[in-house]
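Note that the chains take the letters A, B, C, D, E and F in the order they are written out, and that residue 1 is the start of every chain.
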Amino acid sequence: MLIKDGIRIDGRKPDELRPIKIEAGVLYRADGSCYLEWGGNKIMAAVYGPREALPRHIQDPTKALVNARYSMASFSVEERKRPGPDRRSTEISKVTSEALESVIFTELFPRTTIDICIEVLDAEAGTRCAGITAAAVALADAGIPMRDIPVACAAGKVDGVVVLDLTSEEDKEGEADLPVAIAPRTEEILLLQMDGHLTYKEFEEALELAIKGCKQVAKLQRQALLNKYKTFEVK
Amino acid sequence: MLIKDGIRIDGRKPDELRPIKIEAGVLYRADGSCYLEWGGNKIMAAVYGPREALPRHIQDPTKALVNARYSMASFSVEERKRPGPDRRSTEISKVTSEALESVIFTELFPRTTIDICIEVLDAEAGTRCAGITAAAVALADAGIPMRDIPVACAAGKVDGVVVLDLTSEEDKEGEADLPVAIAPRTEEILLLQMDGHLTYKEFEEALELAIKGCKQVAKLQRQALLNKYKTFEVK
Amino acid sequence: MLIKDGIRIDGRKPDELRPIKIEAGVLYRADGSCYLEWGGNKIMAAVYGPREALPRHIQDPTKALVNARYSMASFSVEERKRPGPDRRSTEISKVTSEALESVIFTELFPRTTIDICIEVLDAEAGTRCAGITAAAVALADAGIPMRDIPVACAAGKVDGVVVLDLTSEEDKEGEADLPVAIAPRTEEILLLQMDGHLTYKEFEEALELAIKGCKQVAKLQRQALLNKYKTFEVK
Amino acid sequence: MEIPEVKRVSAIKKDYLARLAKEKKRPDGRSADEYRPIKIERNIIKKAEGSARVKIGNTMVLAGIKLEVGEPYPDSPEEGAMTTSAELPPLASPEFEPGPPTPDAIELARVVDRGIRESKYIPFDKLCIEPGEKVWIVFIDLHVLDYDGNLFDACSLAASAALQNTIIPNERYGLGENKPLPVGSPPVSCTFVKYENFIVVDPCLEEEQIAQARFTVALDKNGDIRAMQKGLRGSFTIDEIKNIIKRAQIHAKKIRKLLGEGNGKENQKS
Amino acid sequence: MEIPEVKRVSAIKKDYLARLAKEKKRPDGRSADEYRPIKIERNIIKKAEGSARVKIGNTMVLAGIKLEVGEPYPDSPEEGAMTTSAELPPLASPEFEPGPPTPDAIELARVVDRGIRESKYIPFDKLCIEPGEKVWIVFIDLHVLDYDGNLFDACSLAASAALQNTIIPNERYGLGENKPLPVGSPPVSCTFVKYENFIVVDPCLEEEQIAQARFTVALDKNGDIRAMQKGLRGSFTIDEIKNIIKRAQIHAKKIRKLLGEGNGKENQKS
Amino acid sequence: MEIPEVKRVSAIKKDYLARLAKEKKRPDGRSADEYRPIKIERNIIKKAEGSARVKIGNTMVLAGIKLEVGEPYPDSPEEGAMTTSAELPPLASPEFEPGPPTPDAIELARVVDRGIRESKYIPFDKLCIEPGEKVWIVFIDLHVLDYDGNLFDACSLAASAALQNTIIPNERYGLGENKPLPVGSPPVSCTFVKYENFIVVDPCLEEEQIAQARFTVALDKNGDIRAMQKGLRGSFTIDEIKNIIKRAQIHAKKIRKLLGEGNGKENQKS
């Protein structure tokens, strides 16, 4: 039993997020960066670019290429992960690239590449949403022109209840997981994946909850960016 | 005992081919294609090109490159094969490329590549000969100028008898296998490999039989190409 | 006990080298080459270049690239080694390239590469020093302009005694190994690695001994090159 | 890093398709909610434990199933396992290249895999030979032969059909007689793309080349959702996604019939 | 084959640094024998058995330790084993690229490994579970997060610090209670580079970019030498090397204090 | 995809060789049926269980044999096994590049392998240690040191010679005393190339560079055929091939003597 008297095993209510901490501009070398803690997840994201795409034959004369790379440190999971990309991280890199490219004004930077590095240092369920959220802050920190700052959050179903932001145990034992990324101003959906079992009605409910979660996280993103600029002012 | 009263375990006479079915122009995207069934073998071949060879530094300014790729589907054999080329298929791709290039007027298409894909979908002895035979039809279907349509067939030795077109069991238990590809008009030998044990006299006999087999198969190739054009006429 | 009454298990004194045989110009295709036997080591080294560096984007417009590749034959060690570079040989290739580049007038050959191949055919401790020593002779044989001919030799500590040129058993059971490469005219240090346990004083002693060893080996290098030119004269 | 497919479409063709889209017309004359003809052939590869060839229009894929005895995962010692791979060989398209699986092939295999896994189509608890030691591993290999769009649905359908006629090769491993692989009710996958604000089911290649966003949903026999995947760099509104799922529920019912499902038969199988 | 880093530095910057060097000045104002500020944070990765983040100036690396049960080497059946890897991910520098470890990353990992191994920091004889069958394998993974020079010292220090707080995960393998990994006294690594005949400790990135030669020495608590590595295509004189080692002995004593060593504590640990 | 070697030959050289060929002359003055000098040295690698260096003219290859204990194939539980690899290292030719085996290297290794295997040179039934569990695996590694044409014959000869002096390393595995690897009668390989309708044995590099077709035949002590391989993009007539085999039978007899065969000795060995 994962939910008892409406309270989840980590003490949260069904529509409650895990604790989140976001810091922008934490790296010296990167053009933009973000460190994010979300529950037991620790994520470092960096952005390089726009810079000339090399080798030249991959250049697109009409726009920048957006190339996100999601990667898990070998010590970030219970059983040591072998270094290098596996099939799961290849898929996540792909859907993350697509979600982030949605909001970037890529046509401003033809023949270039915008490289986004997402390193999962400590993992505890929901790393793809945490990674997109961190990468979006790093993009803003790098000054990449975007029509909105993307944000991601998952909803799911556990013990028959639609809940927000699953833990590892809820993800493993629960009935469904629905990671969603949106452009918060317009509520456009940039990423949506799902596995498990949801009726159409449950899906509607879960989607609504995920979007609500995204909007809460979006506030923390903006606060983190604001904090960085404040730091500058103080100096 | 693989031969009894002059009859082989699958009921064939020593100089008899397995049943063969050839169909040309079966794929929509490819420039030329062929589907071939030969005994228990099922082969799909496709041709793309001539098209610009890329990256440019591989281009030959005097002629087209001919690049055949023989590949077995992971489910085409008893024990599942891991995807990707192994040493055997690399060798077969090489000798197949060389055999087919023999007849193509490559000097007409400098700086290009002619790509030939041979996919073994179901395998039962003799896949390299079946692959070359199918590829040759696909080349003709693609309209690649050739001085002849290559064709391949194996002979071998089983229970001391020189036989045509070995089955898996004959290949495994028999004494020799001799795959041969020819240009049927001139009887030039484009491919010849052999492993096993043949006296010089047996070799002469086996080679003659293989060439006889090739010529029978060549008729089926021509019929298949004719059938395709007939189809056009009917429409 | 590896040292008894001042004598090592293979009968050598602490400051004595193993037998060394060097032959220059042994290969037909290479621009320069050297065959070297050093104790149980057998090494073949070849040099190609300076030649145009390809692909072009790796060219350095100010100088030649020096690219040494240390490689062990699969049959050169007790347990068969899988072909291809491992982490150890990658490191040795790197430090060898750096050591040899030190003495080459690379700025004379912009946009080129000087390729140095070191193949260990039979291995018995000290292959990296033997490889550098052989490569240096091959570079001289190829006529590559150098300000000196590098030479390498290891010292170490065994049974508490500082010794020259360790055997396999001494390397395994001993307390320290200190491979050193120098430019013998100036005694500049081109390569120095060490693992084990040495006090500062022991290090000073071992370094002095290694340099002494290098200078002995340098004489054999020069003799080998001389022998080659003598051969020409005789013809 | 891949150059987006869209680059390869000429500006003229793109304009033409965009003009058509504004009139809610598709390049091959179909309506927005019309699949191309679907054809399923089963049991065509003798060496495979199960197989099916699926054509959707000119798109053709072949699914082959192999079973091997292997070790169970430590956390499910009494359950079989499954692995799904997709090959996009150069045979099937001038754009496909030889080499290890591209991100496209990996995404395709993983989406098909999730549909099958989450709908519990294969009862893994029936694939245990010796608890903790030996279980059946089901290998689903998807081989694309001709690529004219909508590989997600073609591959999903081929995998489902191939699993329906799969044999457990007990004899090869000295484990008694061969018998059919038990299967439940298959997932049915429906894929849509959006271009110029026109959302169509079963995209052909030309449509995929200019599509801004893609959506795939896998439904079970009750019309419940078992897997979803949004793809490409465009976006959908919430309403568009809700609408897509409702349209998919209608298509899935029809496609399910091609699998011999949707008429009470599925109860006999499980 | 790598293009030397030095190519990427502009001629103007190189001249500027060379002029500074002649006056024995460094680009960030430090003296030749001055480290940048060093900061060690421990126990920051929950999923790892041990971890530490080390900052030296702007350089930041993370070491994570994992332990797994594995087979011993045939020639040391009663001893555990250790393997050290370094990742130079594109996150940490615009010059790093994804892919398998480069020669730079391999050299870095092997030099750190040798320092730990030769100083007998990990007592492998205490990592035997079942002689000849099961031993603990210690995985040291070095993850560079921000690269502004001197990765050798940063990685060595991070590995040493992470091993100090590492747990043997007996519970995960049903081997009783977790307990701390026993460790001896750590090695301390000091790295110098030489440019324009100026030899400085703890090079920053700009200095590494124009350096002709590099020297790393790992020292034990007695100041004895446990590992050395000369790098890059320049050379050192004998006296320069002797002098470097003496300078390193002074630095190592100070750095050792950051590890809680050098004050008699190390005896309690072993 | 490789650019054919022929591209690298200048047009002038090609014309020159073609003119020579018309007069049935070879660039190094040999007759069409003349091998370059052949030299075999055995037992030169101490760490190998067997070894031989073969020179044919300027071409030099080294074969090293290693034996390891391994599992037999399921379908031959009482037989040892063999695997043959060829390395074309950059040491041996300006055209060879580092990296995994090229198609050329793979073809070379496989043709040598077939000659040895089909002539039953190694009696695999004598390499069983424990039926179904442990057998000897023979690793034949062919290392090209200097490439001036005709690697097929040089590698085949080196492998045969190396196997003749190979030791079964029982002591290393605690299986009693070392003893010689039993061998039968070796295959002898003869290679011909055709250019400008001139067919010559033992091609040197220049001839290989302009050759249109290549033919290799491996013969046993009776002159029977054990393996054949036609290579390159040209063709042979039936009569040409028959003629080549007859010429090969004469050469093989002579080469066999260099292996200490052809004088009744082979009976003592088997």
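We adopt the following convention: a contact is a pair of C-beta atoms (placed from the backbone, for glycine too) under 8 Å apart; a residue touches a chain by one contact, two chains touch by 3 or more.
This is a predicted model, so every value here is computed, not measured.
Q: Between chain A and chain C, which partner chains are common?
A: Chains that touch both chain A and chain C, as defined above, are E.
Q: Trace the shortest chain of touching neighbours from chain D to chain F and give its length in steps.
A: Counted as steps through touching chains, the separation is 2.
Q: So which chain is farthest from chain F, going by the mean of the CA atoms in each chain?
A: Relative to chain F, the chain whose C-alpha centre sits farthest away is A.
Q: If you match contact pairs by residue number, which of B-D, A-D or B-F shares over half of them with A-E?
A: Repeat of the A-E interface: B-D.
Q: Taking each chain's centre as the mean of its C-alpha atoms, which one ends up farthest from the centre of chain B?
A: E
Q: Give, as an integer number of Å, the spacing between the C-alpha centres of chain F and chain E.
A: Distance between chain centres: 49 Å.
Q: Using Cα averages as centroids, what's the distance between chain C and chain E in whole Å?
A: Whole-Å distance between the two chain centres: 27.
Q: Report the inter-centroid distance (CA atoms only) between chain C and chain F in whole Å.
A: Inter-chain centre distance comes to 32 Å.
Q: What whole-Å value do you get for the distance between chain C and chain D if each is reduced to the mean of its CA atoms?
A: Centre-to-centre distance between chain C and chain D: 58 Å.
Q: Taking each residue of chain E in turn, which ones touch at least two of the other chains?
A: 101
Q: If you go round the ring from chain B to chain F and onward, which chains do you meet, in order?
A: Traversing the ring with chain B first and chain F second gives B, F, C, E, A, D.
Q: Which residues of chain F touch chain B in the complex?
A: Residues in contact with chain B: 1, 3-4, 7, 101, 103-104, 106-107, 109-110, 114, 117-118, 215, 220, 222-238, 241-242, 245-246, 249.
Q: Under the stated contact criterion, what part of chain A meets chain D in this complex?
A: Chain A reaches chain D through residues 53, 58, 60, 62, 65-67, 87-88, 90-91, 93-95, 97-99, 101-102, 113, 178, 183, 187-200, 203-204, 207, 211.
Q: Taking the complex as given, what residues does chain E use to touch chain A?
A: On the chain E side, the touching residues are 44-48, 51, 58, 60, 62, 64-66, 68, 85, 87, 89-94, 98, 100-101, 139, 141, 143, 145-148, 172.
Q: Help me check something: in the complex, which residues belonging to chain C touch chain F?
A: By the definition above, chain C touches chain F via 27-30, 40, 42, 44-46, 48, 51, 69, 71, 73-80, 83-85, 115, 117, 119, 121-124.
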